[in-house]
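There are two complexes below, and they share subunit A, which is joined by subunit B in the first and by subunit C in the second.
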Partner chain A sequence: MTSRTAREPRRFGVPSLSAMAGYLPLVIFVCLLGYLSVVSSNFLTFPTFDLILRQAVPTTIVCLGLSIVVMAGGDDVVSGGIDLSIPAVAVLAAAIIADQLTNHAASLAVALPLALMAALLVGAVNAMLVVRIGMTPLLATLSTSVAVVGIVKVVTSSRRINVDHPAVVWLRDGTIGGVSSGVVLTLVFFGVFFFIAHRTRWGLNLQAVGGSRDAAEVSGIPVSRFVALSFIIAGFAGGLAAMFILARGSGSTPGTEENLLLEMVLATFLGSAFSPRRVVTLWGAILGAVLVSALSIGFKSIGVNVFWTGCIKGALILIVVASASLSAKFDRRKTAI
Partner chain B sequence: MSADPDILMLKGISKAFPGVQALEGATLCVAAGEVHGLVGENGAGKSTIIKIIAGVYDRDAGTMSIDGRHFDHVSPQGVHDAGVRFIHQELHLVPHFTVAESVFMGQEVTGKFGLKRKTMRLRAEAFLRDVLNTRISGDTLIRDLGIAERKLVQIARALIDDEAKIVVFDEPTAPLASSEIEQVFQAIRGLQERGIAMIYVSHYLGEITDICDRVTVFRNGRDVAVLDEVTEDSSDSIIRHMVGRDIEALYPEIHHKVGEPVLEVAGLGDGRKFFGVDLTVGKGELVGIAGLIGSGREELTDTIYGLNQPTTGTMTMDGVPNRFASPADAVGKGIVLVPRDRRHDGLVLDFTVADNINLASLEQVAVSILEDRSAAAKRAEKLAEQIDIRPRDPDAIARFLSGGNQQKVVLARWLATGAKLFILDEPTVGVDIGAKVEIYQLIEKLTAQGAGVIVSSSDPAELLGICDRIVVMLRGRVVANEAARSLTLDSLTALTTHSNPAEVLA
Partner chain C sequence: MSDRAEHKDRGIRNVFVHYGFLIIIASFFAFFAFYTGSFLNASNLLNIVEGSSILLILALGMTLVVALGGIDLSVGIAFDMGAAFAIVALKEYDAAWYVAVLIGIGGGALVGLLNAFLIVRLSVSPFLATLGTFFIGSSIQRIFTNGGGPISYRRAPQEYRNLATGDLFGVPMEIVIAAVILIAYFIFLERSIFGKRIHAIGLQKTAARVAGIPVQRYVAIGFIIAAATCAIGGIIGSANLRMFTPLAGFSYLLDAIAAVFIGASMHPRGRPNVLGTLVGVLFLGMVANGLNLMGLDFNTKDALSGLILVAALAISVAQKRLR
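Moving on, here comes the complex of A and B:
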């Protein structure tokens, strides 16, 4: 061991390029919100805050589902886990509930299970496409999303269905301890998802599967089962979101899925900037959803054209996703063996 | 010592694959508390016997016993239950997991309220400290660890259940910097104190003589020697047993006239995989780059070719300082790289032979924008004939050719460009002996045309057979630059495996 040619050991202590790239979207968001609170006088008031939280409810719930899929599939934006069909599933479930309640005068006890079953079915189809057939999640869920939106149009004839069922009204206007009932229920769902994903063995294994499929496999974790389950859970989250979509819009409106998709992707990947490990987490997703909602409402309050808001959100998605890719690229360079 | 000190015994093991007798009556016995080196050249049967122990392959003949218990049939679960653990070359870790999460992956500790993170952290830290002789916080993320520490985490994960009796290490130090190796060795010594038997598979003979108590040498599917006492001086005798004396005479006569330098490289490094490399290739000269996989050979040739950018050093092409921004730039200036993985990088598998040959030199057969099909076909036909591609059909689809013929197509393509410098990375991997001879003859044609040629190869016999000069790389640095005729198979093997460079060169 005397004459071995030494190579300098590399230490990785310096704040890395990857970390900086990861935080970029967060910085941009904070700047935008700062700008809004300066320009709009009533932005930093309690009613606005309450509105932001209430508007964030459906997005948050679909984000929970997407986070689970990303955890199991890895956060590579192209080849990793993604489920673009959750918003479509949510809108489908909302349409089914609305159709049952309003057009068929069915009770909620019939409408809700029916909607959840449809949502789980789409999740199962996604799981099969990805795990059995081996499609890329991006393409598989894009296809099911388009198909599901088609089904919604068939069910509703592309028309709005008003819902005035007391449960929906309560979700919209009701409060629990002074806080909007939708927000409280969302926190409950979040708690359940959080415990499962971050406090149980199952959740840790789920993250291992997404972190490194090979590592999970050699550790004896049934990889395919986790991936499949993640899509089914995502479908379930879509179904859960349906009731809140109905509450927010007082009924089912065609086209709701577009904005929901935009906000879901934005919020989930933005959320990874909150995580010290720079990966998608449930905490990150919920904070991301609130930020995105704040932005939408802020723009509305200063009178920005809705279409421009869409443009800005699109650009933000680009920044978030690009910075995730950049961050991963730097990480790979750093950890390459 | 009792009559039967060996905890793992494999005797008379044979295993045949279609066309290859991988193992023929091989024996391997390992005692508790010893580090047992397993060495041999590529294809000697090391990995086959390891896979037989692991239950990946069934043996054709022979017996295997662990702790006195005979195994007629070996299943992966069965050997795991018997206390055998494998430390694979790949780390298989999740970069954004903590050390504790990684150690307990798949065997997490849970209580009534979910994961017991603190218990896991403390147990992981204790194991790393007490058994593997290293201090790592259980909360550190894997991506913030050095490679050696990651290796220790991988070892801890395999052994944390405290039921391991036999541990098989496959090239545990291959990705490590020299300064990190000692950390892994300390861990191995820690395991040794606990009476765990270890099999240590490595190409680095210097490490084998450092850490191993006994060594079994494999050659051609047999155990040709067992060294019961291993000292620093053992590497000579290990190499003698590894190499044997049976090199076929398949190399052409060398009579190169070496002219002016085509390529001069000085102090080239990428800051990660190779450092301060000096290299000169003359017109008509064939320079070999020897080194184990991971020695930095690949990265060096990739960098010369413009696939990666160097961080230090200079390159001079035909006397003009140059650095290639991209492979397209390199090709434009007369450098050609024939990649090791021709299926992925070298060939468009679904193109015909003719189209593949013309791919690199379209501009020579293109009339303005349009390709001149008939001229292209003629050229390809001529080249295919010249290099003797079988079947001699320019319209054959590349995918269906044999490995040797695929390699010839790739070479033919570049032959046609009349480049000044050829870099061939593992040109004969996976081709049969007949095709090898033809590829060597093709390489001879390149040098005869006055081109400089670099052959990067992990086969020392091949380099000795065809090269004028051989540059030896070890862990990213050039450790020797010698005329091929002044080297022998033993001395070249000693250099690449780092058994003792000072002695070999003296």
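Moving on, here comes the complex of A and C:
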């Protein structure tokens, strides 16, 4: 016992094992980015930076939605909050807009509300499955995502639909004050989400629900309503991302959802490595999305085979979550001794 | 509400709670039988069973993992690896058919080994570990096949092809293999001390550890056995087409998960179980077959089967919860 108290102060000087494991993903990311900027001479230039931000736009928006769900449901992936259907919802909304604009010559004022309504509907279905029926979010959103991808096939007949609507072209090429319009709009969305989640009573309650459901229930917070709303917000975020998916690809392409899912999960859980308490935050999500996009573009710029990218990203997800859980394990061991 | 009405209400609820999913299976069966003339033919019913055998094999592997309290999103990768290792062994190394089968199973087991390492050693949650394995495995297949072109081997030995197209006393070989694995899983999971321990771990990990069960070892072995089982499915698939199709296993993932959860909803205590999984697999096989016979367009069929899946899962979970 006495030896333990005597040894205690050293913990402040030497970084503990748990802290080192926790910072591992960040160290790896910094090393990778450093390597990329050394190998590829034009990596650290403004055009590349602009490209990285523009490529990160759809991922960032779906990450905002996922972060809200994780905040409300807690960050345990199996029993806590997760929404795997956001990428599928985003692709569905993109398909509806593309179909309406190109195949039915509808105006954007018709296509956009239609797509947003579809996205909100899927969010509501998820909310019902989780809150009313009692399915685990993982199972519920995995199955709705398959159904939604099936519906996308019906809408698009599994074909690519080109879109050259001025609004989409503006989102792709336009600028606001010298910065790409998509990036500016994403920052606005981020501001709105950040304000709601971190600066309002509603957001505080939302985080309380995710932090400890029982405690929130006892304090009189309507837990189910918050969880349900988080899924509807996630669906809405998917709908918002649709326009930017169309802008990034100049149309809707079948199969976009798979890569978006990979990037969303990677960015959101990478983001939690930035937070001191290792929880999913909106700041973390946006930083994670930008880092993931920087890596994708960096690897492309030094000519890495595109088929390797999935492998590298998959390995990164594993490193991030393994170091987070190892860090928690060392923490527990320290307190247990 | 009067006393009697309440009683009646509870009666309907009781029927739903106990037979809800069976009623749905029966009504789908009746609908397909009524709507399409050829659904009830003996040959078509045999088709359903034969067409479900690969899914059954994967779903059994998934049952084991879910019974352990985990989930395996990489069953498709184990399926693909089984097919890839076996076909490459046959084609490039002229291996005998049974050697190729063993190599295929070993290739699948490697996927399970990676999962087990991540989950047990690095304490990653099964969901994220197998998701990572899924992405890495898909990427490796794309690299290996230069973007996803199939590897075909038309001159595969007849014995290997018989694994899918042959028959034993008139029963298609696929059904025989699936039945053998089904019985093995039934004995292993439902009638042995190992199965009891696996269910104990899935129900209460800490209690199982306190009771002296080597939890980590069981979890590791469970994931490896599940992956090896899925590889058998992949081998049958590759024997059928005489080729390895990259990323073909992904299409089984959600059906396998759904079959396990549908099966769990029929269990008195809502546990994943082998016979329930069999019922779930046959239901999904019946729906796929019926939608095909209705002559729907490919895309509509995909959307409809997705919606039926969501509804089926919702009903089975609701049934389990109301009990």
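Quick note on the criterion: the second predicted complex is superposed on the first by the 300 of 337 C-alpha atoms of A that agree within 3 Å, B and C clash if a C-alpha of one lies under 4 Å from a C-alpha of the other, contacts with A are read in each partner's own complex, and residues count from 1 in each chain.
We adopt the following convention: contacts are C-beta pairs under 8 Å (C-beta built on N, C-alpha and C of every residue); 3 or more make two chains touch, one makes a residue touch a chain.
Since the model is a prediction, treat every value here as computed from it, not as a measurement.
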Using the superposition on chain A described above, determine whether A:195 touches subunit B (first), subunit C (second), both, or neither. first
Which holds for A:321: it touches subunit B only (first), subunit C only (second), both, or neither? second
One more residue to check, A:277. First (subunit B), second (subunit C), both or neither? first
Does subunit B (first) or subunit C (second) touch A:205, or do both, or does neither? first
Looking at A:143, would you say it contacts subunit B, subunit C, both, or neither? Reply first, second, both or neither. second
Taking the superposition as given, does A:216 touch the first partner, subunit B, the second, subunit C, both, or neither? first
Can you tell me which positions in subunit A touch subunit C when the two form their complex? 76-78, 125, 129, 133-135, 138-140, 142-144, 146-151, 153-154, 157-158, 262, 265, 269, 305, 307-315, 317-318, 321-322, 325-326, 329
Using the touch rule from the top, collect the residues of subunit A that touch subunit B in their complex. 1, 3-12, 195, 199-201, 204-205, 207-208, 211-212, 214-216, 218-221, 277-279, 331, 334-337
The answer for subunit C against subunit A in the complex is residues 71, 118, 122-129, 131-136, 138-140, 142-143, 146-147, 254, 257-258, 261, 298-300, 302-307, 309-310, 313-314, 317-318, 321
Subunit B residues touching subunit A in their complex are 88, 90-97, 101-102, 105-108, 110, 113-115, 141, 143-144, 146-147, 157, 175, 177-182, 206, 210, 272, 275, 474-477, 479, 498, 500-502
